[in-house]
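This is the structure, below, for whatever I ask next.
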Amino acid sequence: MIISVMVTGSPVSQQSAQTALSFCQAALTAGHQIYRVFFYEDAVQLGSALNVAPQDERNLNAAWSEFVKQYELDAVICVASALKRGILDDGEASRYQKPAANLAEGFDISGLGQWVDACLNSDRVVSFGA
Amino acid sequence: MKTLTFLSRHAPFGTSNAKACLDMVLASAVFEQQVNYIFMDEGVWQLVRGHEPAGIHAKNTMAALQALELYGVENIFALEESLTERNLSLAHLQIPVRLCTRAEMSSLIQTSDVVTAL
Amino acid sequence: MSTLHIVSSSPFDSNAFSSALKTASQGDAILLIENGVYAAVDALQIDNLMSGAMPDVTHYVLTEDVDARALPRLRNNIAKVDYAGFVALVCQHHNSVSWN
Amino acid sequence: MSTLHIVSSSPFDSNAFSSALKTASQGDAILLIENGVYAAVDALQIDNLMSGAMPDVTHYVLTEDVDARALPRLRNNIAKVDYAGFVALVCQHHNSVSWN
Amino acid sequence: MKTLTFLSRHAPFGTSNAKACLDMVLASAVFEQQVNYIFMDEGVWQLVRGHEPAGIHAKNTMAALQALELYGVENIFALEESLTERNLSLAHLQIPVRLCTRAEMSSLIQTSDVVTAL
Amino acid sequence: MIISVMVTGSPVSQQSAQTALSFCQAALTAGHQIYRVFFYEDAVQLGSALNVAPQDERNLNAAWSEFVKQYELDAVICVASALKRGILDDGEASRYQKPAANLAEGFDISGLGQWVDACLNSDRVVSFGA
């Protein structure tokens, strides 16, 4: 089946981004296809390349970034959510005259329409987090 | 055309859930899909007339809710038992909504292609 | 020695208000802010929570949060305070607990 | 046409499970994940919520989340699934609702 | 010396509240203050023996809880009615705690200089 | 009185950081002194200099940054919370070999001990958000 996944919870203070990653890995293992992963609201912080995890804890940002790169997944960070939270790619950083960009590899910043498009083109859709 | 149903379950202002749900509804409307927008649980507080959020530096989203019809979002519901639990009636609400029972809501959910609760 | 209990979540979907209510001692105060102000509405579910509440605990609600949400009707015996009143309540009590 | 209701908040401090329970139709399934697994424990408060529940709704719980939290005793008629089972449940149902 | 009381009201793993509260307790212990650490509401789930969070890639904080005594944190309480509501008893718990009634907890709160609920 | 304030909620998705700012402003207006403001957990995102607010919404990060600069307040971002969420000053960025720092003006990054110290040196302490 073709599956799309939305994540909305904060990756550090809520479990949902971890649950979503395990779900996506299990979906691929079962032979399903992931059409798109969409990060909305606090979940856009998963796209930060600046985070540093404690040595004895999993770096969930890095795990997600590696996962989407390995399987060449379409991983979209909602632009409206990202701007409000200071997650920027080079284009947005330059547009808003900010001193740096911080988007990790593997993610694209785009609009909510990408999520609606995913809903229209997937057999199943699952949301994680609040 | 797909049927996309949104369950808005959270109060306005305290968290961003209400606004996040509204933005999704508006984005879906642009794609000219069949959209159901259901206010339930704490979400029904979003509909109460007279919000004045200037004192907490928040944005009043009532104008956006009122403009939904212009965007083609016409199926706007409020779960009747959620209103009743909060001692609210249609007279308290600023925008016209259809009341629905729990069974009607369950049926809307079951016949949807995608359901998003926010 | 008395405590100010600050409640910021709605009683309709969180146990914060209920827990504050059960914990408050005589002479304490409860201040409802943010989504906590929904604990000030006149509704059966709130009455039920209040029925076992300690007497002699004053309830306050933050005006700015009530106005933002346009609460239709407040239950009896709730005093409104603005941010200046919030600060005064903090100073009048020995300590505070924030229930989220 | 049936729906998978995914509940991720604890019934002891959120209305998510209660709302899912009241919304689920015959033939639907409820999957408890994250803090939602506390709705699987054998306790009076959960029994009370369950008493009005629709029959013929299957309840599942995510094994990984149960093990993490070491739930002492589950109520009857709950099936355990792992992440592969979670994916299978999503595919078996027409759509899903995530209750947080 | 001040009395700092911490109310840990949230379940482990689902959110970071439990860990955030524990870190604060440990930081307070370093300052050699009088610390009360009270588990109540959903927080009592943190004490249940046998956590195996490897499957959700989370850290087991039980060792840190068990080490609290070494840090001089000796006043660890669980609210009795929170355990009862969840069908839990002392036998389910991995670390030794003192049971307290609601009234005893209220009294601890009132005699504290600072109370932090997380 | 001498007051300290802790903020823990996400500045974008929760109201608490807004409430805390209004409270602090009212405290100063009433003649009280603010010993320290401590940002913990998701609230450390208030320290991001990269965020961009929608034109018709308040930029709460900028409002806080201006407030602490105007009154020369001690505004501390918890280092453990900040690292996990990718909020870095120049020192942390260089220590962890990250390509950029993003801490806004007016904030310092430091440890939880700063909060305990605030508790010991204040007449009143108030927490916002969770």
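Just a few scattered comments:
By written order: A, B, C, D, E and F. Residues from 1 in each chain.
The definition used in the following text is that a contact is a pair of C-beta atoms (placed from the backbone, for glycine too) under 8 Å apart; a residue touches a chain by one contact, two chains touch by 3 or more.
This is a predicted model, so every value here is computed, not measured.
For the pairs A-E and E-F, the larger set of C-beta contacts lies at E-F.
At the interface between chain A and chain F, two copies of one sequence, more than half of the residue numbers in use appear on both sides, so the contact is built from largely the same positions.
Computed from the mean C-alpha positions, the centre of chain B lies at a distance of 39 Å from the centre of chain E.
Computed from the mean C-alpha positions, the centre of chain A lies at a distance of 26 Å from the centre of chain B. Centre-to-centre spacing of chain B and chain C amounts to 27 Å, using the average Cα coordinate of each chain. Counting partner chains per residue, chain F has residues 12-13, 15, 19, 22, 41, 80-81, 125, 127, 130 touching two or more of them. Of all residues in chain C, those touching 2 or more other chains are 8, 12-13, 15, 34-35, 64, 95-96, 98, 100, listed in ascending order. Shared interface positions of chain B, defined as residues touching 2 or more other chains, are 13-17, 41, 56, 58, 113-114, 117.
Chain pairs recorded as touching, per the definition above, are A-B, A-D, A-E, A-F, B-C, B-D, B-F, C-D, C-E, C-F, D-E, E-F. Across the complex, chain A meets chain D through its residues 1, 3, 9, 15-16, 19, 22-23, 25-27, 29-30, 32, 123-130.
Looking at the complex, you find that chain D touches chain A at residues 6, 8-9, 33-35, 64, 82-84, 86-88, 90-91, 95-96, 98, 100. Across the complex, chain E meets chain C through its residues 7, 9, 40-41, 102, 105-107, 109-115, 117.
Considering their complex, residues 13-17, 56-59 of chain B touch chain F. Across the complex, chain E is touched by residues 12-15, 18-19, 22, 56-58, 60 of chain A.
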